[in-house]
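You will see subunit A twice below: alongside subunit B first, and alongside subunit C after that.
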Partner chain A sequence: MSGVTTPTALPMKVSAGGKLGRRKDEAPQGRRRGSPTSRLTPYLFLLVPIALLVTFTYVPMMNMFQYSVTDWNGISKTRDSVGLDNYARIFTDPEYFRVFFVSLYYFAASFIQMALALYFATVLSFSTRFRNVFKGILFFPYLLNGVAIGLTFLYFFRPGGTLDASLAFVGLESLQQQWLGDRSLVNVSLAGTSVWRYMGLNFVLFLGAIQSINPSLYEAAELDGANRWHQFRWLILPSIKPIIGLSFILAISGSLSVFEIPFIMTGGANGSSTFVIQTMNTAFEFRRVGLASAMAVVLLLFVLLITWIQRRIVPDEKVDLT
Partner chain B sequence: MTATRVPERTGSHEPASTQHVTEKDRTGRAGRIVATAAKYATLVLACFASLLPIVVIVIAALKPAEEFRSSGVFELPSGVYLGNFVTAFTDGRMALGFVHTAIILTVSVGGAVVIGAMTAYAVDRFEFAAKRLVLVLFLIAVLVPGVTMQVATFQIVNGLGLYNTLLAPIVLFMGTDIVSIYIFLQFVRSVPRELDEAATLDGANHWTIFWQIIFPLLKPAVVTVVVIKGFAAYNEFYIPHLYMPSRELPVLSTSLFRFMGPYGSQWEIIAAGVLIVIIPTLVVFLMLQRYIYNGFTSGASK
Partner chain C sequence: MKKRTVALVAAGTTLLAACGGGGGEPEAGGDTGEIAGDITVLTNRTDIVDTVFQGYKEQFESEYPDVTVTFEAITDFEGEVTTRMSTADYGDVLLIPNSVAPADLPDFFEPLGSVEELSETYRFVTSEQNFGGDVYGIAITGNANGLVYNKRVWEEAGVTDAPATPEEFLDALQAIADSTDAIPLYTNYADGWPLSQWNSNRGAIKADPEAPHQIAYSDTPWAQDEELNVIDSLLFDAVEAGLTEPDPVTTNWEESKVLMGEGKVATMALGSWAITQMQEAASDGADIGYLPFPYQVDGTFHSVANGDYKNAVNVNSDNKAAALAWLYWFADESGYAADQGGISPRLDGPTPDTLADFDTFGVEFVELAPAPVGEESLVNDIDAEGQIGLFSPEYKQRIVDAARGASGETKEQIFDDLNARWAKARAAVAD
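So, the complex of A and B:
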C-alpha cells in the first residue's frame, strides 16, 4: 500500500464535469416508470458497497478526528480531552517530527526510480531484441510479496551477503560496510530496496504512454533528420509529460507514507523509522491511540493537500494510456 | 546506473558536422553501433540487478545447513537439496498460510468484483439524488492513507468481533474503490441500453438484468479487477499482521514474517520460505503476462 509509488493513482476523470454521470439526452430508466420501488432500486444495488465504505472508512475517519484531541489509550472506557496538545506535540517534539526527514531519502530515491524507468521505457519503445523478456524482468519485482522482498534484501545487505560478495567479486572489498547497521547508510539502503521494488511499475506506465504516441510522428521526425535523442527530447518527453507529472506528485505522497519495506526489514530501528511506522507503534505498541490518531490526521491532511495541488497543476484529461 | 545512459545519448548525436559527408556517415554508423551496444549493456545490467537478489536466494535455498555455512554466496549448491522447503513448509506453517491466503483471496476478490460491478451498474443505469455524493465518497476514500487509518479502523473491526478471524481481512479487502468502479463503468456503459429495455419488456427486473445481461458482458473488466485486487490480497502483509496475530491464523506473508525470529540466522530455510511465496507469483505472471500489464496500466491511469 505504501512506498515510493502506489498503484492506485488518482482517478483523474471523476471530477471532469460529470463524465461518470449519464448522458443527459437519455431518459433515465428508473424515473420513467417512476414507482417508489424502482426509485429505490439503485440504492439496493449500492447497499453493500456503501455499507462497507462507511463502516470501514468513514466511521473510522470520524472517530479518528475525535480520538485525536484526547489522551485515549485504546482500551479504557474513559478518555479526556487534551485539546490540540497531540498536534502541538507532533510538530514540536523532535522525536516525532524528525521522522519526516527520513521521507527525503525516499523522495530522492523516487527521482532515480523515475529516471531509470524513463530511460528503460524509452529504450524499449524502439525495436529491441528480446523486448518482452527485458520488459518482464524489469517489471517482475513490482509483483512480489513485500515480506519476501524484505527478507531477500536483508540477505542482500547482511554482512557477507549478496552485496558484499558482489563487491568482493569486482575487487571493491574496501566498500564493504554495515549497510543496515550504519545509521547514516540504513535509509539509503532501504530507499534503494524501494527503487528495486517499484521501478517496474513506473517503467510499464511510461512504456504504455510512449507506445501510445502515433508511430507516424516518428517517421516524420526521421524524415526531418531527427536522431534518437531529438526524438526523445522533442517528441517522447512532451507526449508523456502528464504521466511524469502524475508520477512526481505520487512520489511525494508515496514518500510520506513509506511503511512496508522499513517495517519488515528493520522495524524502524537505527533511525530508519518513518512517519507511518511511528504512527503504528504509537498506537499499537505504546497504546497512545489519541496521539497516533492525530498523527494519522496530519498525514491525511498532507496527502489531501498534495492531491489538491496536483489537480491544480496537472491537467485532468491528458492522463490516458489506452 | 544513471551514468550509463550517457553513451547512448552522445553516441547517436555526436557526428562532427564539419567533416566530409562520407566521413560523417561513417562516424554516424559507428555512433549507432556504440549506442546499440550501450543500450543492450544497460538492459542486461538492469536485468542483472533485477534478478541477482532472487538468484542468490535460490542458491541459498538449495543448500543443506552445513554447506550453506561453509560456502560462498555465489557458490552453486553441490546438489539439489529440498529439505529446506520441507522445513519451511511444515515447521514454518506455510501450508496453513497458503490455505488462509487462498480463502481470503477468493472470497474478497470475488466479493470485490460483484460489489464493484453492482456499483457501476447502479451509477450508470439509474438517475438518483445521491449519485454525485456516492462517487465523491469513493473518490476521497482512495486518497486516505490505508495503513494509518487502521489506528481507528481497529476499534471498529474489534467492536464487530472480527479480531483474530479470517473475516477481518476479507471485509477490509472486499469493499470496492473508485478505480474498480471506473474500470467496470467503462464496460457497463458499452452495453447498449436496448438490451436492458428488451429484457424489461420480457418482464425481467433489474436484479435479473444485472446478473443475466450486464455481468456476463463485463469479463474484460473482471479480469483487470481480479489482477489488481488478487495481487494486492496475495501480497498484503500489515492487515493480517495486525488483525490475525494468532499463531493458528497465519497467511503466507505473516508466516514468512515469523521466520525472522526462530530461524534468525538459518538463511537457507528463510530463503526456501521466500521462494515458496515467490514461485506462485512467477507462475501466474508467466501465464497471464498480457492481462497483468493491462491490469496495472489501466488501474494506475484511470
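So, the complex of A and C:
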C-alpha cells in the first residue's frame, strides 16, 4: 500500500542468462576467431548498469551502515565510532518503537484497499458497460503526485472543507468533526487517503492477473452451471493467489515505511508520526545522522525479515487450474 | 570488436567521471590576496535575487571593479547547503546554516577576527556563530523578538496598552475573543517552524543575557518561573482557553499572513522580521504593530535582539580577499538591514521604523551573552541527546496537543517529562 512504488519488488523472471548462452551456438564465427574479447562483450555491456547500481545503491548503502555506528551529526568533518550504541538505543527506548503502532492503521487499511481492489478488478474483468472509463478512474489517483494528493486532502479534511460541506449537503451535519485535529481520527483519515491513492495499483495488478486466465475456463464453468460467485471463488481467486501474496508483502512493508501522506498533511504532528518521519527528524532536526542511519538500517532489516517470512509461508508455486 | 570494447570502456569511464564530478574542481588561479576575481554568493532570498541583489552587485562592482559577483539563490537553503558543505563547492560567501554546530565552524569558514575586536563595530558577534574566541560570520540583519499584532483588532477589543504579565495577555486575548470575530492568537501549528519562534524570547523573560545558556547547568529548566516554563505555560494556557485557531492541524503560513492583514487573526508570536511581510499582506500596513513578550522585570519590557543569518567566507575560497570585501560591504554599506526593516548589524546603524512601537512601550533590548569558551555547543548537545528540540516545533506541538485535550497529557506531566529528559541528557553529555 502506501510507499508501494518499488517495481523492483515485482517477481519478474527474465531469463537473460539462457538467451546469452544460446547465442554462442548461433554465432560460430566469434568462436573461430578465438578472440577473448568476444566472450567479454556481454560483461562490458553489463558494466554500465552495474556501475549505476553500485554508485547509486550499494555505495550509499555501505555508507549508511558506516554512519550507523558513529555519532556523526551530518556536517562535522570528524565522527567518533560508538559501536552498536545507536542500535541499542533504538531497541531500548520505547519512544522509537511507539511510532510503529501508527503503522497498524495503515496495515489495517491495506486489507480494505485489497478487498476493494479485488472487487473492482473482478467486476471490471467481465464485460461491464464503460469498463475502460472505470479502469481509468480507479487507476488515476496512483498517477497523481503525492504532494498534490496531500494538499488536496488537506483541504478536503479541514474544518468547513470539502468533506464537511458534502456531509452538510446530505444532511449529516452531526458527523462533521476535526478529521485531522482529533487524535483518535487523524490516522484513520490519513490511512483513508492512502487507500484512495494506492488502491489503483492493487487494482491494476489484480486485473492483469485476472485477464490472463484462459477465457475458455469461464465458458466451461458456465456449462457446468457455475454462477459468478463460483467463478470468482474457484477460478479467479486460485489463479491470482501469487499476486495477492505479493500485494500482501507490499502492504506490510508499505505500512512500515509510510511517509509521504502523513509528512505532507500533518508533518507527523498530532500523533501521526511514522518511523520514517521520525528518522527524518532525527537526521535533519536533531542532526543525529548516525542514529538516523541506524534507524534506516533497522527498517531495512524489518522489511527483509517480513519478506523472508512471507516467502517461507507462501512459497512461490505455479498455479495450475487444469 | 575491439573498437566497440574501447568505446564501451570509454563510455563507462565518462559515466563514472560524470558521477564523481560535481565535487567542484578548484578554479584556476590561486589565492593572491588581491581584491579581484570571481566570487559566488549564496543566498536564500530567491524572491529578490534578481531585483534588489542586482542593485547591490552594481554598487559593489563599481567600488571594486576587479571583482565579478555571481549570485546563487537557493530555495531550500539549509538542506542544500549542508549537503554541499561535504564538498569544497559551497560558494565564496554564504549564509552559515543554522544547523552547523559552533565546534564545526573552523572546518568550513574563514575566521574573521577576534570577538573582542569585532564586537566594537558589530552587533551579534559576541554570542552567535563564534568559536574559540573567533568570529565566523557577520549578521545580514537583526531581529527583535516578541509578538506581531493587528492594532485595529486589539483596539476594537478595548486593549491599547501592551499587556505586562501573562495573565493580562490572556485577558486581552479573551477580550478579543469576546468582542471581535478575530482569532485572538494564531499558532501556525501545521507549518511547525513558527512555533519554534516562541523560544527566541528566552533571555527576555528574566532580562538576563546569560539565561539561555544557564539551562545547561540546570536539571529543571521547566520548573516554575523558569523562562521555558513561562513561555510554554503562556502557549498552553492560551490554547487551553480556546483562544487559538479551532483546528490547528490545518493551518497554513502564507494564508496566516493574509488573515492577520485582514484582521481575522489578532496576534502571532514571531520575530520582528515578520512585520514587513505582514504589512505587505495587510490592506493597511499601519494596522500591523509589534508587542514585547508580556513579562516585565522591574517594570520594564525586554526583547531579545539577535542576528539573522550570518554571512561567512568559505574556507576553501580562491578569492578570499574579494569574498571578505563583499561580506563587509554587505554589512556596512548595502543597507540590506534597513531595507528589510531589521536591526542593523552595525552598532552605529539606525533603528528601523518597524520597531517604533517598542519606543512607545519603553522596551529595552537584550543581546545574549556569549557561552563560556569550550561550552558553545553544550545546550545544543544536551538538546540533541535528549531529542527535545528547543528550536524545533515537535515539542511545542505536543504542548498545543495537550492543551486542546487531544493527547490527554497535562501541563505538569509535559514539564515533568521534559525536565526528566533534560536531566538525563545532561548527565549523558557530561560523561
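By definition in this document, the second predicted complex is superposed on the first by the 265 of 322 C-alpha atoms of A that agree within 3 Å, B and C clash if a C-alpha of one lies under 4 Å from a C-alpha of the other, contacts with A are read in each partner's own complex, and residues count from 1 in each chain.
As a working rule, contacts are C-beta pairs under 8 Å (C-beta built on N, C-alpha and C of every residue); 3 or more make two chains touch, one makes a residue touch a chain.
Since the structure is predicted, the reported quantities are computational estimates derived from the model, not experimental observations.
**Student:** Touch test for A:Ala269: subunit B only (first), subunit C only (second), both, or neither?
**Tutor:** A:Ala269: touches subunit C, not subunit B.
**Student:** With the two complexes superposed on chain A, say which partner A:Tyr58 touches: subunit B (first), subunit C (second), both, or neither.
**Tutor:** first
**Student:** I want to verify the contact counts: of subunit B and subunit C, which reaches more residues of subunit A?
**Tutor:** If we count touched residues of subunit A for both partners, the winner is B.
**Student:** Please work out whether A:Thr41 is in contact with subunit B alone, subunit C alone, both, or neither, and reply first, second, both or neither.
**Tutor:** Both partners, subunit B and subunit C.
**Student:** Scan A:Gly181 for contacts with subunit B and subunit C and give back first, second, both or neither.
**Tutor:** second
**Student:** Return first, second, both or neither, reflecting whether A:Arg98 touches subunit B, subunit C, both chains, or no partner chain.
**Tutor:** So A:Arg98 meets neither subunit B nor subunit C here.
**Student:** May I ask you to decide whether A:Pro49 touches subunit B, subunit C, both, or neither, giving the answer as first, second, both or neither?
**Tutor:** A:Pro49: touches subunit B, not subunit C.
**Student:** Report, in rising order, the residues of subunit A that make contact with subunit B in one complex and with subunit C in the other.
**Tutor:** On subunit A, the residues that contact subunit B in one structure and subunit C in the other are 38, 41, 45, 48, 52, 55, 74, 161, 284.
**Student:** Where on subunit A is subunit B touching in the complex?
**Tutor:** 1-2, 7-15, 18, 20-22, 26, 28-31, 38-39, 41-43, 45-46, 48-50, 52-53, 55-61, 63-64, 67, 74, 112, 115-116, 119-120, 123-124, 128-129, 132, 134, 136-148, 151-153, 155-156, 160-162, 165-166, 169, 196, 201, 204-205, 208, 227-230, 243, 253, 257, 259-260, 263-264, 276, 279-280, 283-284, 289, 292-293, 295-296, 299-300, 303-304, 307, 319-322
**Student:** Note which residues of subunit C are touching subunit A in the complex, please.
**Tutor:** 1-2, 4-5, 8-9, 11-12, 15-16, 19, 79, 82, 85-86, 97, 99-101, 103-104, 107-108, 189-192, 246-250, 383-384, 387, 389, 392-394, 397, 401, 404, 406-407
**Student:** Spell out the part of subunit A that touches subunit C in their complex, as residue ranges.
**Tutor:** Touching subunit C: residues 35, 37-38, 40-41, 44-45, 47-48, 51-52, 55, 73-77, 95, 154, 157-159, 161, 178, 180-183, 186, 266-271, 281-282, 284-288 of subunit A.
**Student:** How about subunit B: which of its residues touch subunit A in the complex?
**Tutor:** 1-2, 5, 8-9, 12-13, 35, 39-40, 42-43, 46-47, 49-54, 56-57, 60, 72-74, 115-116, 118-119, 121-128, 130-132, 134-139, 141-157, 171-172, 174-179, 182, 185, 193, 196-197, 200, 206, 210, 228, 231-232, 234-238, 242, 252-254, 256-257, 259-260, 267, 270-271, 273-274, 277-278, 281-282, 285, 289, 292-293, 296-302
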